[in-house]
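Paired with chain B in one complex and with chain C in the other, chain A is shared by the two complexes that follow.
The block that comes next holds the complex of A and B.
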């Protein structure tokens, strides 16, 4: 049971949504956006989050778009992970989000919720960072389209009241070779011990990680090491372990040693699958 | 929409098992607690309340959904089907025929999910069956019988399927 009470609204336009957020904020109360609402419900039940007003973005048409528009794939923030996979609009993203949670949960979990999650995993961010995705966000009357990279540093850096509307991907990335590998503790369903997504663009491997450090990341240094064909693959992978952006997570899902062992093996699989030999 | 006049409670209409029910809820009430405590539909079970076990599965707009992960106010205007609305489902009979029940606590969730699976994929391949059934946990570990029950209804059943444990296979 959620112990606190809140007001709930499902506005049907961006303007209504933003006006409501600002109105609540001006009264000194806490408003919170939700998309799928699953993280809000589980966090609220355990008193990890509080809000006076919940603003559900599912009713905003722009947040439900899932289509090819000119040369872009456009995905609304309130689109469920299963819809993304089933649409097959962008198979790399579809394959990665298919590894998140379980099939039933993916009917409710949205891409906007996953990207903005307070948890450390946010696995849908991995392919998006690799394909230079852009995001459409709105705050007040200001709608802007910016690179995801410019807003994502360990987590989404939206300012208070800013709403993620859409994710936009250049369709030229659709045909590129990709791989998405996730390893969990003991079943297919679970948070990642290690999750790695990779894509090959102009013979250069791009790689992003979740579950390794306590935030998802893509790193220029690591990509330079993995693309250095003068060094044997096993040495490149050893070098990657020494160049992670922060320490490896050490928790009940997996000790630091276990995670680094799994990471090495996953990277070997990635290099082999993507034919990144010496 | 004037938020200042709103309250933390609402009178809502839920469309459950083909009937429209009026119910007073806190906005904070989950669909699971509303079904069980306000509408007397106790087939969906409360267990983890965290999206992990599938015991609370219902169909929302035909899709399996954890009723512990929806607020009741989120699903007004959407058709909801609970296990009580699936009395005629062949999946229910298959569970009896294949002895896919031990203590029975997980059974409503599995039947609701299995019903949606077979409605959407009458010819489901093993990969799809695995993917869907992984959403539910059976603490009595009767996975093989549960899978047998679902597979017995798959059109063009293929004997090569059904060899692995749905939650523990890699």
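The block that comes next holds the complex of A and C.
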């Protein structure tokens, strides 16, 4: 049960959505975009999030697209994780998001919601960072398509009122070899101790991480180390551990020391799976 | 003894609640809503141990819809099932994180909840007792200052002044010290079993009203309707006849709904608003920490043997983490002591079982009632002992298995009727797990497959006067209604009782209507639906009720058929002449009395009543534990095969085996499900479940985001269940209780298999890849 009062709207166009957000904002109240609503509901009932108005983006046609357009895969921000997996349009993303939460929750959780999650994991962003995905965002009347990389630094850098509409992926990435490995505490349903996604493009490994630091990331430095075939793999992996962008998470899912043990093993698996051996 | 002449007992009848449940039409307590219904929400302690300096409700009173605010000062008394040590609402001080501090009653649930956020409680922190070891120290802070002064509700509970000991149960059998000194080989090991939660799908919920005539009407999802009456009578001075308790179908309980916690709170809430109906429904977080959880358990086990592996001495020190209040933990302390050895014949036994107060959420009964915990300690020790003796761990168990003629730790003499056949169970489990193919095999690069085994036993420690009753009444079509106060909480008890009645009357199951709801006003008294006791107690009551009805049916039919009742048999919806079954009368023609063509009527309706009370049970002697605590012991064996990755310590559970001797199995399908569900539950807390506390005793994972458990689909790939059916003469159709048993050996056999696989002794739960990695690291230092 959510104890505070709030208003809920589901507008049916981008313009209406933006106008509504701005309107609420101008009245000095707090508006929030939602799509699946799973985080809002679960956090609001324990007072970890508050809004006077929530604006559901599921009514916006652009946010519900899931198709090939010319040479691009276009995924609306309000598309559920299960729909993405079941569509098989982009198997790498499908496999990664299938590891998030449980089946019932994935019927509700959307890709836009997961990318913008309050939690530190945001695992659906991992493949997207690796395939140079672009995102379509809107603010006011300004719709723009930019690289995800330019907007994502630890989390989505959206300005107040800015809304993620779509994710666009160049279909040339679809056939690339990929791997997505998630290690949990024990049950398959759980937050990652370590989650790693990787693809091989032009014999170069690209890797992104979640659960290691308190944000998901891809690092040029780490990729350079892993691709340096002059060094034995175990040494490369040790070097990666010394070059993480910040300290390893230490929490209920796993201690810092354990996470680093798991990360080493997962990287060994990734290297083996992707045939990156010496 | 598969008696092939039975037509319903022993058959996999479909559960009578299957259709309602699978179509989602069951209405649970929380589903109820009506105009005028008021809602209560709790203000809960944010501290684990603190003085309450003040409670400021000014702002809360200003919130819309608020009708009443109740604090502990308004009912400054202690209640409890064994030792009355728990105030329904904390007063003077709080003893655990999540403890109820105040109740707010409002028109709507969200209003009540919103108002709770406005109550300002000022605490003065007190030193925290954050573990059983700490609680046991001489100079430990006291959770209760004068525990010895609390009222004893049940005689064998022994709180010790100026300590955190809520109870101390002793077993002294034979001469441990001499036997230990003469043992040719010994082992001592310690264990720890974490606090966890029941996590029943339905969170606890109740509604209470006090009607204008003064009747207190309670609707609740409880395993203990008659205890609710007892508590409201004992501690709130309501005439017992004025308390009416209704229990609909319960959405899972696992022992957690045996405690009477919400009903007194909702009673106080209703009283504060002039008796209006007030609903109190716990959120998941409240259900996990405010409501009672599962005990924590620390154990030291010492075993002494001969060179040949014959056990001669056993010493057991059990420290139970009862949390802030003793509730059922005091009973579990006793249950763990009286079965302390596991199903082994040990002539010299010494056990000290302590119920320890800490500043953790308080614990209550949980499926197994201390036995998964003690079995974990005992069975891990047996494996380590076998290794020391260089003996097959199964062989060691076989040599020492308890049998008729032996005595239990409380010196109850075992007979072929009151204990199952452990040896047969071991043999069958050995076949099913393919023990002879090897306990440890390399199965791939960095992969090893191992098998672990655990025996187990348990008696049903009911009150010595525990009982049940049943009433059967007939419809005009000859079908029959069964009313009894056994509660359906997913275990299938109503189906089992229906089968017993159908078998007795020789009727089809579809002619037997079992009332799902329990109503204390028309259902005969039943102790409680706990302790795997319903098939036995209520089942026997149904047998007697059926016999009572059969006698009446025969009496009426004898008049109609002009013969002696002794000439008659009941079956197939008729009463007929034994030597000539074609000559008889339909039950429908006599069930409401027989009417002659003249209009004259005789005998009237058939009403069958039956009852059963435990026989010859006794409390335990305070100094030695001597006594007869339970009517029978069901025994069994479980085994697990796992595959461990020896590089990263991830593992999967490949195969689970449960073999149980529960006497006659009334319904093999529901019994198999009970074993599977039980083992799965045991594996969930052995692999995953654990409350995590910070240094202030605050629960860090009081929701299902942070509290890990196995999910649907994570059961062992192969899941074998079999039964040995050594009949219990006392039981209905030879049945003993089986409800809790599937859970008992699961943690032990998982730990045994993983210890072999990882080549390190794993004596603490849960067993996550991280905890195994940690142990390996410590072991190789």
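Definition applied: the second predicted complex is superposed on the first by the 278 of 278 C-alpha atoms of A that agree within 3 Å, B and C clash if a C-alpha of one lies under 4 Å from a C-alpha of the other, contacts with A are read in each partner's own complex, and residues count from 1 in each chain.
Simple rule for what comes next: contacts are C-beta pairs under 8 Å (C-beta built on N, C-alpha and C of every residue); 3 or more make two chains touch, one makes a residue touch a chain.
Since we're looking at a predicted model, the values are computed, not measured.
Undergrad: Will chain C clash with chain B on chain A after the two structures are superposed, or do they fit?
TA: They clash.
Undergrad: In the superposed model, does chain B or chain C contact more residues of chain A?
TA: B
Undergrad: With the two structures laid over each other on chain A, which partner does A:265 touch: chain B (first), chain C (second), both, or neither?
TA: The answer is second: A:265 touches chain C but not chain B.
Undergrad: Output check: A:218 vs chain B and chain C. Expected answer is one of first, second, both, neither. What do you get?
TA: Touch partners of A:218: none, neither chain B nor chain C.
Undergrad: So in the superposed three-chain picture, is A:24 touching just chain B, just chain C, both, or none of them (first/second/both/neither)?
TA: After superposition on chain A, A:24 lies in contact with chain B alone.
Undergrad: Applying the document's definition of touch, where does A:4 land relative to chain B and chain C: first, second, both, or neither?
TA: both
Undergrad: Which partner chains sit in contact with A:45 here, chain B, chain C, both or neither? Use first/second/both/neither.
TA: both
Undergrad: Classify the contacts of A:134 with the two partner chains as first (chain B alone), second (chain C alone), both, or neither.
TA: In the superposed model, A:134 contacts neither chain B nor chain C.
Undergrad: Examine A:185 and indicate which partner it touches, taking first as chain B and second as chain C; both and neither are also allowed.
TA: Only chain C is touched by A:185; chain B is not.
Undergrad: Where does A:102 make contact in the superposed view: on chain B (first), on chain C (second), on both, or on neither?
TA: In the superposition, A:102 touches chain B and chain C alike.
Undergrad: Thinking only about the overlay and not a real complex, which stretch of chain C clashes with chain B: 168-176, 186-194, 708-716 or 762-770?
TA: 708-716
Undergrad: If I apply the document's touch criterion, which positions on chain A are contacted by chain B in one structure and by chain C in the other?
TA: Chain A residues touching both partners: 1-4, 42, 45, 102, 186-189.
Undergrad: Show me the residue ranges of chain B that touch chain A in the complex, using the header's touch definition.
TA: 1, 3-4, 6-10, 26-30, 33, 49-51, 54, 57, 60, 63-66, 68-71, 73-74, 113, 130-132, 134-136, 167-170
Undergrad: What part of chain C is in contact with chain A in the complex they form?
TA: Within the complex, chain C touches chain A at residues 109-111, 113-114, 117, 283, 285, 647-648, 650, 687-688, 692, 700-701, 703, 705-706, 708-711, 714, 766, 768-770, 773-774.
Undergrad: Using the touch rule from the top, collect the residues of chain A that touch chain C in their complex.
TA: So the residues of chain A touching chain C come out as 1-4, 42, 45-47, 102, 183, 185-190, 193, 252, 254-255, 258, 261-262, 265.
Undergrad: Touching residues of chain A toward chain B in the complex: what are they?
TA: Touch list, chain A to chain B: 1-11, 16, 20, 23-24, 27, 36-38, 41-42, 44-45, 53-54, 56, 58, 82, 101-105, 107-108, 186-189.
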